[in-house]
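Lettered A, B, C and D in written order, each chain numbered from 1.
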């Protein structure tokens, strides 16, 4: 157990501690405009309550660092191991995912206490020299918490979208910026180095680094706009099966898709739900909240295609002038989420972090407006199912080049 | 709008106001041990969040009394008419029932304000002489609020039962009392007067009063106990289709019923969820939380039957020595919930209160430990579906007599 | 086993044999226009394949008479006990009901052989003097087979309705007859004798005979017509929740009911599926294929109500001039299907025939155009769920009388 | 319309006609042991009735060749265009896929007549010189019919597996052959030519031909055996989440997988359903009827992996000694089914043949015992969802090589 308090370290001595404190603080800043009540509810099985995000990210540090690496650590509450494990089979049984919204207890207050308890212990640990494995595990915990920061925004906004009140997650939330339409830029292809090098933290799914041969291609320097999407809609894009993959058409029909998720028509104007409540659609801003099926159909209609994840990564590294790479919307690629050659998941529960999800999902690249600054990188691989739409997802087109 | 304040009336001048204030206050007393967060969640489609109960009962007075009978009344918030209408088609569109748990806003604080706003206006109205229709409508509103008080307990306990924490709704909640086993008492039958007379408030479904011919019968003077139920379980009652109605057997198999709802076995002891958290099963206390299908199977196994709702009502009025009538558990009858002869639902939205539910449900009589004191009466008709189990339901047996 | 052959008995010596042969022959006559392929398919879980009806009715005689009462009887095929048991838990495991349509084997040819095998043995048994229990069991078997004859027509027609070809079950099938509109006739009520006496065969659910007190009432002398139903439709009956029970409105919305089942609009004319394929709606013919929910909504719209099953039975016995009692459509009553006072199901598997279905269904009285002649009687109780519509169900109205 | 009859052509003049007649005849030979009744039923939404396969393959020639290329062609029955279109949106509305089993009409006899009608017209067309597009379309129709021949076997066997009778599809059906266990063989990798050249018929999804760079790898020279699979089972492979993809584990739990599909344990022996009914498991024969999820879990347990589709194709072209390539079971690869670079679906309805299914499926390579001889080739890409199991699917392992 921590006795020293770990205070008064300075940033040069303990840069990881500084980063730890900053990331942890950012999570709590995100909930500034939420009531206790807003934080308890799960609005769909894919989403989690805010409070659960606050607790689960804390549990991650407790479970994978403090319990394993901090001798004598006293868990805050043994029952939390059952309540706040997300999906780690190796760690044991857990509260069912679709019932996370039934956890009205522990209260928010208790969970904030839990956060402080764990933070205190972590502060102590991080004030001391760390073995490399512990250092790596802390970095993983921070990257994990950053991922949940983005999910927290997505999930809270989804909740607010379900009620006629369309509450505000953050009144200062910046709307997606207007801008010029995209042009295509060429890449000569060739051997591309793909994946993360060992010099900085990266998730296991970004490696092993390897090379991939690419044919020449063109890639859009900006994302598809709402105005372009409205043209697709006017042209009957949502009514014409020819543009759609079969599974996509089936889901479109079953759920009656007529526009991107979160779009609502009032009179003759379109609005979309945002963290700053319902806002008018800006034709010059990038389209958000489209599924892979819609992105793919749009690309086909537009006479283009989606880039592969390799083209995307190579372009971001080598093509000049690409905009809206990390600051706007995740960008669908045509690549299924699969292990890179010679990928092996780590032993133990932490090996479940990424590897077991490598089926049935598509890769998105870049980052979005809700992604914590500095979180993503060129090798970063996000992934969702082809029909999911509540994340901040957009479209960057590609084309073959002769 | 109310200007006088309506204060300083005295109970003799305004007994309805006194009752209004008492009923309204009781609702708020019920939530004493709940956190804000506990009150927002809906744990299953049949249940509603505590907060919704608080608001909806208030809306009932606003919608059916203040808006209609208090000229110049300013609604607290026009959007509440959409959010807190339960099922009144004639009043307009409403927030979908299974999504009541997504209403994190308005906050509890705002809803308590809403309650005060409406109470102030009602106090004003009730300080004045009332037309008989308004008086009747207020009494309906109070009976309605009392029904929701019971639902509030049922629903909050259901929520707490879903988590490993098994939180406490009320630490003082009295456990069901131990007592002797039941004996049968005879009734000679004959013409029975059934239903409510016009002299006191009753729900529309309790009338018109009419007479029903009854053959002689015997009825148990107490409810079936947990110990008797354990014998049924030991005898294989949950494994033998011969005792069960076909629909009941199907549901038993689909949901794997092995005991009453809320029972859990830990080691070799049985416990049940109560408003005071998990408690050991007392064999001498009445069984609770059984469905009609279980009650009917038990009765068949025991060589008895359930009473009709007419036998029950007649016995309560004429047979000496019946215990546990209103203070323990609702008692399943073998009667389907149907209109009495010449029943007509009232015109307008209030006519939807009871009449439209007269299919697919069974009548329960009596009242339970969660029913507000004084709420029920001999003619009172409660009703649930044959497979529902989260209410405080028990079994009083009957028998034919030669 | 039968060695005599049992031939050459004469009708006076063996009237039950004569009736047996006639009923068995009628079943086979019903399939005259069906292909082998038509007889194998199950078009919905509530329906059964024709072939299954042919086999199951035969199994009933084998299982409940020959195996129990004909010493030395050799079952045709032991596996049929598993395949053709419908719902008798006491007899053992069985092929799942929703998978009856997967039994392409045994072939029709083998099932017809099975019928002949059982018929031969039954002929032998019935040529001899019978103990009363056996006689009763044979009568039950015949009534059972007659019930399946009607189901066979319903189910085959349902199958044909699912395909654009709208095939013909029987080209000679008589259409429902045109006729005058109904008038109301009065009954003084009083003590009514309800249920079957012991002098003729009746199902167990028709007893015990008992008396019921009835208030005066009026009952329609004919059924509601298609023309009257079209008025209900034009008046917005399917769009106005005020007329509907809550469960009914929910099902109407979920399944988008706009007219009786089997009605289709082509251009500006309405047609309905019949055993003689699609036929134009005759406004002067009785409406068919309506659910209880529709019947109840119609009655409310029409300012009338449905009769109780007791009123219906009493009227049929005592009121002059009622038409369309047994020859047109089953008539919904407002009575839930429940046991009569002192009803006890028989011991053993045969006790499962009726009793275990006494929950969640409504009683229909009379008989329909597909019911075998002579099958029904005044005390006969048919029953379906309130939302079912594929049977030949219609509406006879009733009214209170001062 | 055809008037010449087209007979008496000889094989050298009209080799495509000869092939047409052989393929069409083979389909009809497959049904030799089926009754009319066996051919009408659909045992699950993924399967189709035999009769539907017979008609749909015929419709393909009528719709895409005769109606478009044979001036004056008289369709056999205009309604068949609605009934037997599988999924071609561009061609118009069609009978819903999950309801194919309700088409008892047209009868088998009529469908065989339909086949003869179309065959006669095709014979006429094929006796004449063909334009290249027509020739290609005929070849597509033949490959299509061959694909349905395999489906017909799979679907009929699935039907028979649902009944306790476990009927025989073909008593002569050869059981999977015993043989030695697999060894790994090495490939040096390098640039691999992938996909079909233009010289012979191939499906559009096999092109465009392109090159792919492969690292060195090893590939098994035979398929995983039942005995090896039994070891996986004994080692708890079906109980240990660590081996499984998350989606696979979820499906395993939901459907309670304990062994390959079609395996049944009787006493202490395992059997599997085959076209020759239930047969004992031969430990030295290849495992069949496993999903991608099972194949992937098995490979992980075995310390190996599945090959990519490119490794598979390259190995089949270049590595000596591979057995069980086309004659036993389709072999799961780790490749998602995706378009090759620069793939464009053909214009018009025929473009829907393959392209629109390129999401949510995995590629299998090789061919199986039910595949018509000569149908497959090294570039052939079959595809199923990761959880599907009723096809003849097996496992060929691969490994990384240093």
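To be clear about the criterion, contacts are C-beta pairs under 8 Å (C-beta built on N, C-alpha and C of every residue); 3 or more make two chains touch, one makes a residue touch a chain.
It should be emphasised that the depicted structure is a prediction, and the values quoted were computed from it without experimental measurement.
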Taking each chain's centre as the mean of its CA atoms, the one lying farthest from the centre of chain A is chain C
Averaging C-alpha coordinates per chain, one finds the centres of chain A and chain D separated by a number of Å equal to 38
So, in whole Å, the Cα centroid of chain A is separated from that of chain C by 59
Mind checking the centre-to-centre distance between chain A and chain B? Centres are C-alpha means, answer in whole Å. 45
Numbers and ranges of chain D residues touching at least 2 other chains: none
Answer with line, ring, star, complete or other to describe the graph linking chains that touch. ring
Show me, using the given definition of touch, all chain pairs that touch one another. A-B, A-D, B-C, C-D
Chain B partner, complex, touching residues on chain C are 87, 89-90, 212-213, 215, 241-242, 244-249, 292-293, 296, 334, 336, 338, 341-342, 356-360, 386, 400
Chain A contact footprint on chain B (complex, rising order): 35-41, 43, 51, 79, 82-83, 95, 99, 101-108, 159, 162-165, 167
